[in-house]
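Both complexes shown next keep subunit A, but they swap its partner, so subunit B is in the first and subunit C is in the second.
Our next item is the complex of A and B:
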């Protein structure tokens, strides 16, 4: 029924995907969290929306080029809305209309409505279509924790590792030739409190320890080869902690800004303009599954032909440098 | 040791005995202050080798900061820089966007930063502001530990209780790389325009405490109100760990202090306080902070620091070389806390402010100097014997004008009466300053020790032929007549007690036709605030000294 693949996200800047007002409205803008571990996630709908807009842009560029080749005058590229017959059209709609009249159609490869589902027209709710590509939420795989006095440590927990295993188990081959999926659940559970080979822990009275905000964590299991669990190749300084601990450590790792809004015309706090924002820090590694319907007539190539890696913006606060990510698609 | 003692300071409670890094503990040696442990822990944890990278489709530019820079993170009970990727200090993209937007025209702001468009809906701007990271890891050392040392009450009124020192952490002379990217491809010209707007924002200073010289680059563009070429020598400040540092916030302190002295001489204390805050800024009371109109920035590319050693004394000294002091107009708005209503500055207001700032600079340079030990002349220039023959500490400072436009700030002295004329004119100008008039203050109350009122201060002067001809400097270190001495009296001051005399060797410039000429001579000036309170014998001592000046010496009573 479906072909399965997965994507790896590495954040290159803080990533904020969350509600500005919602379950916790007010001046706290939290990120979305997984309901079991309380660790950050990116909802599948956000991923789909981003992929859709990426492809929509490709289609728009294609349409502009195609119309230009037919010597059709297109409106100024800065205009978002364009004169229509009755009411203003979006630029894309305008281009589309011209193209339909001339009977030119872009390749399915760049038709976002085909891949991600057709949205309903306002007056006809039955005009939607099922998407060819389906996304599930992205979960954490490794989260970097900065703490003064000790090296930066990437943390994960068995539950997060198991989700990665479920998504990538078939396609990752271990050093001994086995597949990732062959590692048993109890083996993963036993990784708790072991560090990667590259980790240099603190020496607290002869014991290898790391500080997290609930106190010291002793690396009771010592160092293990964790390289299989790093999808981007490099075995980072890392530690696996228990599922009931990662939520608290996650809170310590988040990039948090307590911010004030200043007045427009004077460098002074605008009354009441105080708010907090949190974001996943740079260097976070996340994973999400992708399913493609078997009947899809073509390959899904959202970044262009043959490209499996792309920089993409996710989440909010783009204009202040948040959301820059690198996505690597695997197993497509 | 318990585990808890190994907890990084950032995660310890800010209570007595745990982590109070903003506190300067007087019982602890300089570099053993907890703030240094904190900095060390930051240093150890930071991935110093790998500067955070901007993505390749990001435009970047580097800027050098002339002194310190800090963007308060609002955490840990101490003012410290924001910590970004892998432990690197960071100037946030949100702050960058805010500073940028304030330098845009309305049209530019809508295009670049976003906002509500003609259709009444919010549209995003086309630019992304990625913030700034230090270019290299030079900043990661002990220079992070910085002092805040408010002493207005001490300097103006001898109020020792008002002196306190707290620690903050700031970046020392960092070089920051800023990144901006665009959603749409832009032309080379447009990028140039964008960076120009960013430079305009930098010219106003970024981060906190910009009016005191923090977060400033060398150029200031339209923010410049005055550009004053200066060269100074004197006694440098020390960091807590004893390392020498020239601290440009001394300029603001001096100018602000003089502003208040002058205002207290022409209006009541409350009005003087309010108006000083309007000019130089004030921290919030119940009605919120007052954003000051004026600020300073100082750039001394050839600054040299050295050590003065004599006997048991070892103290840092500076020579700024040819340097530039900028008085900046940081704000375009009068505060409603001061004027009852807030309004934009008019063109006339700006002109008047420029005149007032020029007068305050003239006054500061005529009567004293800047920075540490500004009430005394630089002994290494005017009394070198004192430093060579004895085992004595360095004292004082000496400032002169240099560069272009110096003649704008000089008070030419053909006759000593020119100084009297200047001081009279100054007081009239301050009293008649239109914005001050709007406040309709009362009469001077004369409660401030150094209020600039006729019955509170005396200025005495003489012409000194050259640098070896300072008479008064010897009176501070010996007898002025027979057995009579003011040495170590409340008049001259001592450790823990502010003196009541300023002593200045002002370079004598004379008008020759239309031109001003430096003559190589000096005007020796003594500014005295006679004690009105204190022990009778101290008051008598001052009276004796003033009588001596009147009858015996070749000093003239100028004001």
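Our next item is the complex of A and C:
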């Protein structure tokens, strides 16, 4: 029924994907969290929305070009008044209408309504359609944490590794020729308190220890080859901690700031313009699954023909420099 | 062996509570936080200077250092902590020699922990400090 692939997100800037009303209140802006580990996630709907808008732009550009080739003048404004229509049309709707009249149609490859599902018209909830591409939420795989003397160590836990294994197990081949999915659950559990080969832990009183600025742990299992668990190829300085510890470490490692909005005409805080925000730090590695319905007649190529990697903005707070990410699609 | 927290916040809390009744001593925690930027040696040396003009402030700095040494000892790192009379030049030299020759890798970790301890102390200072003019809580520590 479905072809399965997955995406790897590497944050190039702090990333904030937060809740709306309810979880977020007043000036506290927490990120979305997984309900079991309390580690950051990106909801599948956020991913889908971002991919949709990417493709919508592609389609608009295509339509503009196609109409230009037919020597049709396109007005510059975002909203265009059309005779006989009550409301002005958006630029995209106007382009689409012209194209339909001329019987030119963009390729399905760049039709966001086809891939991500048609949104309902305001008063007709039965006009939606099922998406060809489905997303699940993106979970953490490796979270960079400040460690004095290191300076950064990437941290994960068995549950996070197991989710990655479920998504990528078929497509990742290990050095010994086996597939990632063949690693047993208990083998993954045994990785707790092992460091990667590239980690240089400090030798204190004959024990290998790793220090955070809020605690320390002994690398009781020493150093292990963790390269299979790094989807982008490079084995980073890393450690696996227990599932009941990752939440606390995650909370300490988040990028947190208090920020203000200034008045337009004075260098003073705008009344109530004070907010605390948290974000996943730069260098975080996340993973999300993608399922494509078998009956899809074409290839899903959200970044353009043959492109598997793209820089993309996710989440909110772009205006304070958040959200720049690199997504790598795999197994499509 | 699992992750062991240093319990920095609890130690910071207890320190602030202990020195709360000693006049205006708590403002020192802001100065401690600033001193961490200059390294362990300067932090340690400060209590010697203060012994000349405020015994309480000197005690506060020294007790903070001792607490910090205790935290590090739990992690297996022995930070030097000699009791030194500022008039005894030889003793001062012995202690500072120990600090200067303290392993560089361990020193980086120690400094990060000391900084974290001072951050926590500033936090508790802002809660427990008895302010002269209550409004605003004199959060800048002056």
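Here is the rule we go by: the second predicted complex is superposed on the first by the 306 of 332 C-alpha atoms of A that agree within 3 Å, B and C clash if a C-alpha of one lies under 4 Å from a C-alpha of the other, contacts with A are read in each partner's own complex, and residues count from 1 in each chain.
As a convention for this text, a contact is a pair of C-beta atoms (placed from the backbone, for glycine too) under 8 Å apart; a residue touches a chain by one contact, two chains touch by 3 or more.
These numbers come from a predicted model, not from an experiment.
Participant: So, A:92: does it touch subunit B (first), subunit C (second), both, or neither?
Facilitator: Neither partner.
Participant: Looking at A:72, would you say it contacts subunit B, subunit C, both, or neither? Reply first, second, both or neither.
Facilitator: In the superposition, A:72 contacts neither subunit B nor subunit C.
Participant: If we overlay the two complexes on their shared chain A, which of subunit B and subunit C does A:193 touch? Say first, second, both or neither.
Facilitator: Only subunit C; A:193 stays clear of subunit B.
Participant: If we overlay the two complexes on their shared chain A, which of subunit B and subunit C does A:217 touch? Say first, second, both or neither.
Facilitator: A:217 contacts subunit C only, not subunit B.
Participant: Could you say whether A:269 touches subunit B, subunit C, both of them, or neither, answering first, second, both or neither?
Facilitator: first
Participant: Determine, under the contact definition given at the top, whether A:321 touches first (subunit B), second (subunit C), both, or neither.
Facilitator: In the superposition, A:321 touches subunit B alone.
Participant: By the touch definition at the top of the document, which applies to A:332: first (subunit B), second (subunit C), both, or neither?
Facilitator: Touch status of A:332: no partner.
Participant: Using the touch definition from the top, say if A:242 reaches subunit B (first), subunit C (second), both or neither.
Facilitator: The answer is second: A:242 touches subunit C but not subunit B.
Participant: Looking at subunit A, does subunit B or subunit C touch a larger number of its residues?
Facilitator: B
Participant: Between subunit B (first) and subunit C (second), which, if any, makes contact with A:149: first, second, both or neither?
Facilitator: Both subunit B and subunit C are touched by A:149.
Participant: Do any residues of subunit A touch both subunit B and subunit C, and if so, which are they?
Facilitator: 148-149, 202, 204-205, 209, 211, 213, 215-216
Participant: Spell out the part of subunit B that touches subunit A in their complex, as residue ranges.
Facilitator: Touching subunit A from subunit B are residues 1, 3, 6-11, 38, 41-42, 44-45, 47, 52, 55, 57, 73-75, 82-87, 92-94, 96-98, 101-102, 113-114, 119, 123-125, 127-131, 179, 210, 288-289, 291, 330-333.
Participant: Taking the touch rule as given, give the residues of subunit A at its contact with subunit B in the complex, in rising order.
Facilitator: 12-13, 80-81, 144, 146-152, 202, 204-205, 209, 211, 213, 215-216, 255, 257-259, 261-262, 264-269, 271, 281-283, 311, 317-322, 324
Participant: Provide the residue numbers of subunit C that touch subunit A in the complex, in ascending order.
Facilitator: 1-6, 8, 75-77, 105-106, 108-109, 111-113, 115-116
Participant: Quick check on the complex: what are the subunit A residues that touch subunit C?
Facilitator: These residues of subunit A touch subunit C: 148-149, 193, 202, 204-205, 207, 209, 211, 213-218, 220, 241-242, 245, 248-249.
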